[in-house]
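Two complexes follow with chain A in common, the first pairing it with chain B and the second with chain C.
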Partner chain A sequence: MTEPAKSLSTRALIAASLPRRYRAEQRFRLYGRAAILLAISALALLLFSVGSQGFSTFSIYHFNLPLQLDARLIDPKNTADPKVIAKGRYRKLIQKALSDAFPKVHSRSDKRALYALSTGLNSVSLRNQVVNNPDLIGSEIRYTAPLSDDLDLYLKGKITPRKFYKGTGALKASATNKNTLELTGKPGAFDTLIQHIRQKRLVRAERLEDRAEKLLERLKEARKEVAEVQQVEVNRLKILAADIRQKAKNNTIHLDKNDPSVLINFNQGFIKAAELSDHQITGLALLAPTRLEPSQNWRSLILDSPERARRVTDQQAAWAETLLARGHLKRSFNSIFFTHADSREPELAGIAGAMVGSILTLMATMLAAVPIGILAAIYLEEFAPRNRLTDFIEVNINNLAAVPSIIFGLLGLAVFLNIFHMPRSAPIVGGLVLALMTLPVIIIASRAAIKAVPPSIREAALGIGASKTQTVFDHVLPLAAPGILTGTIIGLARALGETAPLLMIGMVAFIADIPKSLTSPATAMPVQIYLWASSSERSWESRTAAAIIILLLLMIVLNLTAVFLRHKFERRW
Partner chain B sequence: MQNFLPIAMAALVVITLLAWFNGRTKAVASAGVHPSSLHSLPGYSGTYLAIWSVLPAFILLALFGLFGDLLLNLQMRQSLPANIRALPVEQVELFMRNARALAFGGTASETSATLLDTAKTYASLSRTSNFAVIGAVILLTIGGFLFARGRIGKNFRARNHVEAVIFGVLVVCSGIAILTTLGIVLSLLTESLRFFSEINALDFLFGLKWSPQTAMRADQVGQSGSFGAVPLFAGTFLITFIAMVVAAPVGLYSAIYLSEYAKPATRRIVKPILEILAGVPTVVYGFFALLTIGPFIRQAAEAVGLSAQTQSALSAGLVMGIMIIPFVSSLSDDVINAVPQALRDGSYAMGATQAETVRNVVFPAALPGIMGALLLAISRAIGETMIVVMAAGQSANLTANPLEPVTTVTVQIVTLLTGDQEFDSAKTLSAFALGLVLFIITLVLNIISLRVVRKYRERYD
Partner chain C sequence: MDTSVSPATQTTDTPSAPEAPKVRARKVNVFYGNKQALFDVNLDISDRSVTSFIGPSGCGKSTFLRCINRMNDTIDICRVEGDIHLDGKDIYARDVDPVILRASVGMVFQKPNPFPKSIFDNVAYGPRIHGLASNPEELSEIVETSLRRAGLWTEVADRLDEPGTGLSGGQQQRLVIARAIAVRPEVILMDEPCSALDPIATARIEELIDDLRNNYCIIMVTHSMAQAARVSQHTAFFHLGKLVEAGPTEQIFTNPNDKRTQDYITGRFG
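Then we have the complex of A and B:
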C-alpha cells in the first residue's frame, strides 16, 4: 500500500484525503449542532419539569360541606361578646361537620383519621369569619376550607394513580358478619381485577429476582464471611419470589400488605377486597352500602401503591371519593396560594408574603442602587480625568461584578447587622446588600448607554453656552435614559432571583405574616422557594415548583419590559 | 421611631420646597427690572438655598443614625461599674444587652439593681443625645438657610456653587464601589484574623477533618471542633471540575457553531435562548438538581449496580455545568468574532475546510481569550451557592467519587451562618475565613481573566 502511494502526485494525495476531510467537516458541524441542541434541551427539560410539577398547585380541592354554627359551642351564654366568640370551639364544629357527613364512624382512631381530612388550622379562618360576622351564629354555612394536602394529592392522582374500572353485570351483596361483605357477580366479573393483581405480583417477583441476581454478582468479590451472610439473603429473596409467583397463579387471591388496594364502589358504599376470585369478593366495608339489593351500578378502584407505602389510608381514600361524589368537595382555583403567607400546613401556605417581601426588598435595592449607579456612571464617563484613581475605580467595578454573591451576604452580615445593628431579616438590609451587588451591573450598563450618545450632542449644547453639568443632565442623560433603564431593569431582575446573600442576613426565618414595612421581618421569593424545597413532605414539591413558575414569570415580565423599552426608544446615531 | 421617619421626610420635603421658592424669589427680586442681569438662572439660587438648608442637617442625621448607637455603646461601656467591667467579655456583652433591653423596652434575661441603674443612665443618655441631635439639626437648618440667603444676590454665582455640590455627589457615588470592596476586604479580614487567632491558619488550610461543631460546655468531648478545610476545597474542586466538563465543550462548540456556521437568523434566535440559561435563578437550578437530576442519577447508578444518593457531586456539577454554558458560550463568541476575517480567508485560500480553519487557525488565535472565558466560568462555579447547598449535600467528605455527596466552601458558609448563634464563636468566624479564601480565589481568577480577555480584544482591534 505504501509503495504506490509515494508515486502519487500531490493533487492525487489531496483528492484521496478529501472524503476523510469532508467527513471530519460534517462531524465538526454535527458537534456544534449537538452542543446547541443539548443546551436548549436542558433548558426545555428544566422548564418542563418545573412546569409539570407546579401546575397542579394552581387548583386545589376545597370542601363544600354544610356546617352548623352551633351556638352552644361558640357562645353558650349568648353574651355576644367578641372575646367570648373568639374563644369558641371552632375545631369541634369542623369535626362535627365531618362526622355528620359520615355518621357511622365511631372508633377513636377512625375519627382521628376522618378529622385529618381538614387541618386543625382551618379553625382559625372559621373563627375569623364568625368574629367578623356574629349574626352567623346558629345558622348553617358552607364550609369551604381546603382539603388536607395529602388527600388533595391523592385526588389529583399524585400519590398513586386513581384508576376506576366500570363493573359489568349485576352485583349482589350479602353480609357475612358485622363489617364483612360478600359480593357476588356473574362469572368473570372480576377478571380484569385479578389480571391486574397477578401482573403486579409478577413484576414484584421479577424485582426480587433482580435484586438476588445483583447480590449474587457482588457476592463473588466479597469476603468469605460476608459472602455467607449474603448467600442467605439471596436464598431468602429467591424463595420469596417463587412464593409470589406461585400465589399469583391461584384462582382465589388473598390480597396481602404488598398488593395494590382493590376498592369496590357499590351502592354508595366502599368495600375493600381481602379475597377475590373471578366472580366473588369478600372484604371489609369501609363505608357500608346504602342497600344490599343487586345492582348494575358498581365500579372498582385500584390503588397500585400498597396502603402501608402511602400517607393516605384506603379508608380516607373512600371518604374522599364519597365526598367528591356527593359534591362536598370541589376542585377550583387555589386563591390561598396567592393571598396567604407561609404556613406549616402546605394547603394553607401561600406565596403572598414572600412576594411582598421581594417587592419591598427590590424597592430598597432600587432606591439605593439606581441613583448611585447612574451618578457614578455619569462621573466616570463624563467628568473623571484619566488617571490612576479612575483606572482603579474601573477595575474595581469590573471585579465587583464578578464577586460571588454570597460574599456580599457576608459583607451585609458583618457591616449592616453587626456594626450598624440594623434589624435581622428586614427587607431594608436585604435591599441594601442586593443594591451593592447590582451597583456594578447598573454602572456598566449606564456607562455604555452614556458612551453611545454622540459627541455632537454635547458639542451643540456647549456651543450655545450650557455648562458641562447642564450639558450632561439636560442633554446627554435624557438621550441615554432608555439604555440606562434597560440595564437597570436587567440588574433588578437578577437581584430578584438572588438567594444566597439573603440567607446570610437572616431572611430565611419562617414568617407567617405578610410583611408591612421595610423593617419588619420578611422573606423573599427565591428564599421561600429554598425553604419549601428543603421540606420533605410531598405536597411542598408542587408548591415549590408553583412558586418557581411565579418567580420565572415575574422575571420574564421584567426582562420583556427591558427588551420592549430597548426596541421602542433605542436610537441609532 | 415608626412615626418619626415619615414626619422627618415630610419636613425635609417642605423645607426644601420653601427654601427653593424663597431663594428663587430673592434672586429675581435682586435683579430688579432686568432679570437677565443675574449671573445664574434664578432656579439655581433656589437650589443653592435648598441645599444649604437641608444637606448639612441631613448629613448630621445620617451620621447619627449610622454611628449614634455605636457611640452610645462606647460611652456606656466607659461608665460601667468597675466590678462589671472586670467580668469576661461575653458577660459584659450580656449585661449590656440586658441593660439595653430594660432601657428601650425589650425582654431582659435577668434584672438586678445595678442592671436597672445602668439601664436608667442608658435611657437618659440616649434621651440627651437624641435631644442634642435634634437641636443641632434645627440649628444647622436655620443657620444654613440664613447663611445661604445672605449670599444670594445679583452677582452671586449660584450655578457654580450648585454644580460644585453636584460634582461632589458624583465623586462620592463612584467612590461607593471602592468603599464596597474595602468593606468586603476589611470585614472578611478582621473576622478571619479573629478566627486565626484561635485556630492555626495552617491547620485550617491543610487540615483533613472538617467538623465545626463546638461544644457548648467545656467538659463535653470534642469541644474544640476541627477546622481542616481541605475536604471543602476538594468538594468545591470536584463539583467545579464536573461543571466545566459539561460547560466547556458544550459552550465552546455552541460558540463556534453560532459564530462560524449558523445563519444570522438562527443566531438571532438561539443566542437569546442560551442566555436564558444564565438568567434562571440559581435556586431554580437547585430545585431541578434536587428533584429531577438527583433521583435520575440515583436510579441510573442503581440500574448499573452502583450505589448513589440523591444528593451527589455529580448532580450538582451537571446542573451547574448547564448554568455555566452561556457564560462560556457568549464570552467565547465575542472572542471568536474578534478574530480578523483575514486569518480565515488566508486559511481558505490554502484549501483548508471550514472545520480545519476553525480548529487550526481561529481557535489558536482565540485561545487566550477562550482561556479567559473559561477562567471566568470557573470563578462563577466556585462561588455558586444555591445549587450546591440544595444538591451537593452537607457532609464533609474527602472523596473523588462523584456519586457521593460532598460539601463545598459556599455550602459551609451557608450552614454555619444560617440559624441563630453567637457571633464570636470559632464556628461562626470560620465562615468568614472560608469567605476570605473564596474571595481571594475568585478575585485572582477574575483579575487574570479580565486582563487576558481585554488584552486580547485590543490586539486585534
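Then we have the complex of A and C:
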C-alpha cells in the first residue's frame, strides 16, 4: 500500500521546512531580547539621569556655627514670658553669628551678601528651639540650619566646578593700597593659571567664530535688508573673536568679566586676581590674609563660570570655602527634605507634605474605588443579566478607562467643588476624582479575573446547594483575588502618579504645612514634582529629581506588594 | 429487587406501581435560545436504584439530567417547559427554591471539580452552608462518614488538610461524590462520572454506585453500554432530543422495542 511511502515523503517535507521554522523561532527570540534590552536600557537611562540629579539632594551643607543666644536680643527684661521670647530678634542673632565669623565685613552690601548665606526663614526654627527650651537663653549654641541653597549647590560643585590647584614655591604678599594685594611667586608659579585662562579664551573665541560662520550661512538665503543687519553682526563677532585671541597671547593677563574667576587662598585669606603674569598677581582681597609673610602653603581656586553668570559671588564663595575649612559647614543627611512640606526656600523645602498628601489621597481613592469597583465587577460578571443595558454599560466602562484623566478633573471640579461645595485642594476631593478615574480599571481587571475562574467551580458549588452569593464569595472571589488585587494595585499606582486631574481641583497650590486630615489643603507628589520642575532656580532641579526618586520608590513598593499578594493568593485548580 | 416490576416507563399512564416514582417528568421540552434540545420527554425514575441514560452524543442526556436539579437555570438562554416532580412535588413551581432542591438532588460532574481547598473543607462545605452540623465534632463525623461511603477514607484519613486538587483523578471523583453525599441528598445525578478515569478507578466508582444504590436514587449518564448493563437497573435511551425507550436494563439490552435502540446498543450507529 501507499501508506509507508506517503509517510516518508511527509517526513521529508517536514524536514525540509524545519530549518525555516527554527530560523523563524530564533529570529523571534532575537527580537524579544532586543526589545527587552531596549526597555532595560531606557529604564537604566531614566534611573541614571534621575539618580545622578537627585542624589545630591539627600545630603546638604549645614552650618555648624557657634551662636550666642544673647538675652538682650531675646528677652531684654528677663521676663521669661514665652510670648516675649517668641518675639525675640532671632534673625539678628543669626546675622550676628555670621558677622562674628567674618568680623571684617562692614559695608551694607557686603553684609547683605554675607547674611544671604543663611535664609531668613531659619529664624523660625531657631525661635522654636528657644521657645521650647528657654534655659538656652544667654548660652552659646551650635547653629545647625541648612546653608543657603545657592551656596550649597556651589559647594557641591553644581554651579561651576571647584578646582583647587596646589601652589608651588613660596608666595610673598604686599599691600599696594587698602584692599589690593600684590602676590609674588617664583617665575612660572602662575603658569598653570595663565594656561587655563588662555585656553578658556581660545574656546570663547572659537565659539564666537562658530556663531559668525552660522550667521553667514543663513545670510545667503536672507532678504537683503535682513542680510545687511546680519552682516554687521557677523563683523562684530569676528572682531570680538580676533580681539580675544589677541588678548590671550599677552604675557600679562587682565581678567575681564567673561573670564573665569581666579582666587588665591593664601594665609587663610582669599585674593581675587585681577591681573596676572607668570610670577605676579594683583588683586582684591576678598578675605584679608592673617599675615603677609611669605608662605609655601597656598593654593588657587578657579571658578570657570564667570562671576556675573552665576548666583554665587566670588566673595560668597570665599566665605563658604573659609567656613568649610574652619569646620563651620558640614555636609550631612538632608533630613529636612523628608520631614518638611514645601517652602519658598529650596533648602527648607521637603517632600513630606506631598507624600502625606499623596497617601491621604490614595487612601480616599482606595476607600471609594476598591469596594465599588470589585462589587460592580462581581455584579456585572455574576449576577447581571446579559442584555442591551449591560452591553451598553460594558462599552461605557471600557470607554471610561480610556478617557483622559484631565476630564475626570474637570468633572470633579464641576461636581464635587461647584455642586457639593467640598473644600478645594483637599485630599478627599482628589481621592474621589482619582477614584472615578481608577474605577473602570479596577472593574475591568476584576471582571477579567472573575471570568478566568473555571465554571466547573461554580457548578460544583451550585450543585451542592450553595446560593449564588455563597458561590461567588466562597469560591469565585478567592480564586479571582490575585487578579483582582493586581488590577487594583496597578490602578492605584496609576492614581498615585496622576497629576492632571489634581490640578483641576486645586491641589496644585503652594502648601507649606503637612496636611493633617482628608479635608486640609494638600498637594500630591506628582503635583509637587510638577511645581518644582517649573521653578526656575537651579536647586529645585535636584529636588525635583529627588522627589521623582521617592515617587518611583513608592511605585516599586506598590508593585512589589502586587507581586507578593499575587504569589500569596495564587492557587492551583 | 432488580426483578421487581419496572416503574420506569415512557407511557403517561403509569401502571400500578408498588412504589411511586422518585422523579417523574412529563412533557419536558428544553430550548437553548431558539434551538430545541429536548422534545416531550416523559419519564419515571424509581427510588433506591440506578437509572442510566444512554444515547449518542448531543442527544440531550446531560440537558435532561440538569433539568432534575434545575442546573439549567444558571444558563441564561436555557428555557425548560413541562413538569418535573420530585416525590410528587413540582420542582419548577414558583415556591421551590433551587438552592433547597439542589441540596436534595446532588450532582457529580464529568470532570472531577473539587474546590481548591483542603479535602476536609471540600466535604464540609455543603454541611456547613446548610447548617447540618451543630458543632465541629459533628461536622468531622459527617466528613468521615461521607468519605467512608465514597470509599476514600482510608486513602486520605491522614491528610485531610491537604488540597483536594492534589489527589489523583479517580480519588478526586470519589471526593466529589463524598462532597455530594455529605449534604444527604435523596437523588444523585452523575454525568459520565467515569469518562475521565482508568478501568481500575472506574471499577471502584461502579462499586461505590452499586453500594450507594441502597440509599439513594441514582441517575447516571454513560457512554459505556457495558457500564450501563453492569450498574443500572433501569435504562433510558435518548436520540435526537427524544426519549426513545426506557425500561429495565435487562429488557432494553436484550429485547428493545425500538429499532433505534437495537441499532445503538449493537453499535450500528452512535
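FYI, the second predicted complex is superposed on the first by the 527 of 573 C-alpha atoms of A that agree within 3 Å, B and C clash if a C-alpha of one lies under 4 Å from a C-alpha of the other, contacts with A are read in each partner's own complex, and residues count from 1 in each chain.
By our rule, a residue touches a chain if its C-beta (ideal position, glycine included) is under 8 Å from a C-beta of that chain, and two chains touch if they have at least 3 such contacts.
All values reported here derive from a predicted model rather than from experimental measurement.
Novice: Return first, second, both or neither, reflecting whether A:Arg386 touches chain B, chain C, both chains, or no partner chain.
Specialist: In the superposition, A:Arg386 touches chain C alone.
Novice: Regarding the shared-chain residue A:Leu462, is it in contact with chain B (first), chain C (second), both, or neither?
Specialist: second
Novice: So, does A:Leu284 touch the first partner chain B, the second partner chain C, both, or neither?
Specialist: neither
Novice: Counting only touches as set out at the top, which of chain B and chain C does A:Leu410 meet: first, second, both, neither?
Specialist: First partner only, chain B.
Novice: Thinking of the overlay built on chain A, is A:Glu217 touched by chain B (first), by chain C (second), by both, or by neither?
Specialist: first
Novice: Counting residues of chain A touched by each partner, does chain B or chain C come out ahead?
Specialist: Residues of chain A touched, chain B against chain C: more for B.
Novice: Which of the two partners, first being chain B and second being chain C, lies in contact with A:Ile137: first, second, both, or neither?
Specialist: Neither partner.
Novice: Looking at the overlay, does A:Ala500 come into contact with chain B only (first), chain C only (second), both, or neither?
Specialist: first
Novice: For A:Met363, decide between first (touching chain B), second (touching chain C), both and neither.
Specialist: Neither partner.
Novice: Find the residues of chain A that appear in the contact set with chain B and again in the contact set with chain C.
Specialist: Touching chain B in the first complex and chain C in the second, residues 467 of chain A appear in both lists.
Novice: So in the complex, the part of chain C that touches chain A is made up of which residues?
Specialist: Counting only chain C, the residues touching chain A are 69, 71, 74, 76, 99-103, 106-107, 109, 111, 113-116, 125-126, 129-130, 163, 165, 176, 179-180, 182-183.
Novice: What residues on chain A touch chain B, complex-wise?
Specialist: 14, 21-22, 24-25, 27-29, 31-36, 38-40, 42-43, 45-46, 49-50, 53, 214, 217-218, 371-373, 375-376, 378-380, 383-384, 392-393, 395-400, 402-408, 410-411, 413-415, 418-421, 436, 439-440, 443, 467-469, 493-494, 496-500, 503-504, 506, 508, 517, 526-527, 529-530, 533-534, 541, 544-545, 548, 551-552, 555, 559
Novice: Can you list the chain B residues touching chain A in their complex?
Specialist: 2, 66, 69-70, 159, 163, 166-167, 169-171, 173-178, 180-181, 183-184, 187-188, 190-191, 249-254, 256-258, 261, 270, 273-274, 276-277, 279-288, 290-292, 305, 322, 325-326, 329, 351, 353-356, 358-359, 376, 379-380, 382-386, 389-390, 410, 413-414, 417-418, 423, 431-432, 435, 438-439, 442-443, 446-447, 450
Novice: Touching chain C in the complex: which residues of chain A?
Specialist: 385-386, 454, 456-467, 470, 474-475, 478-479, 571-573
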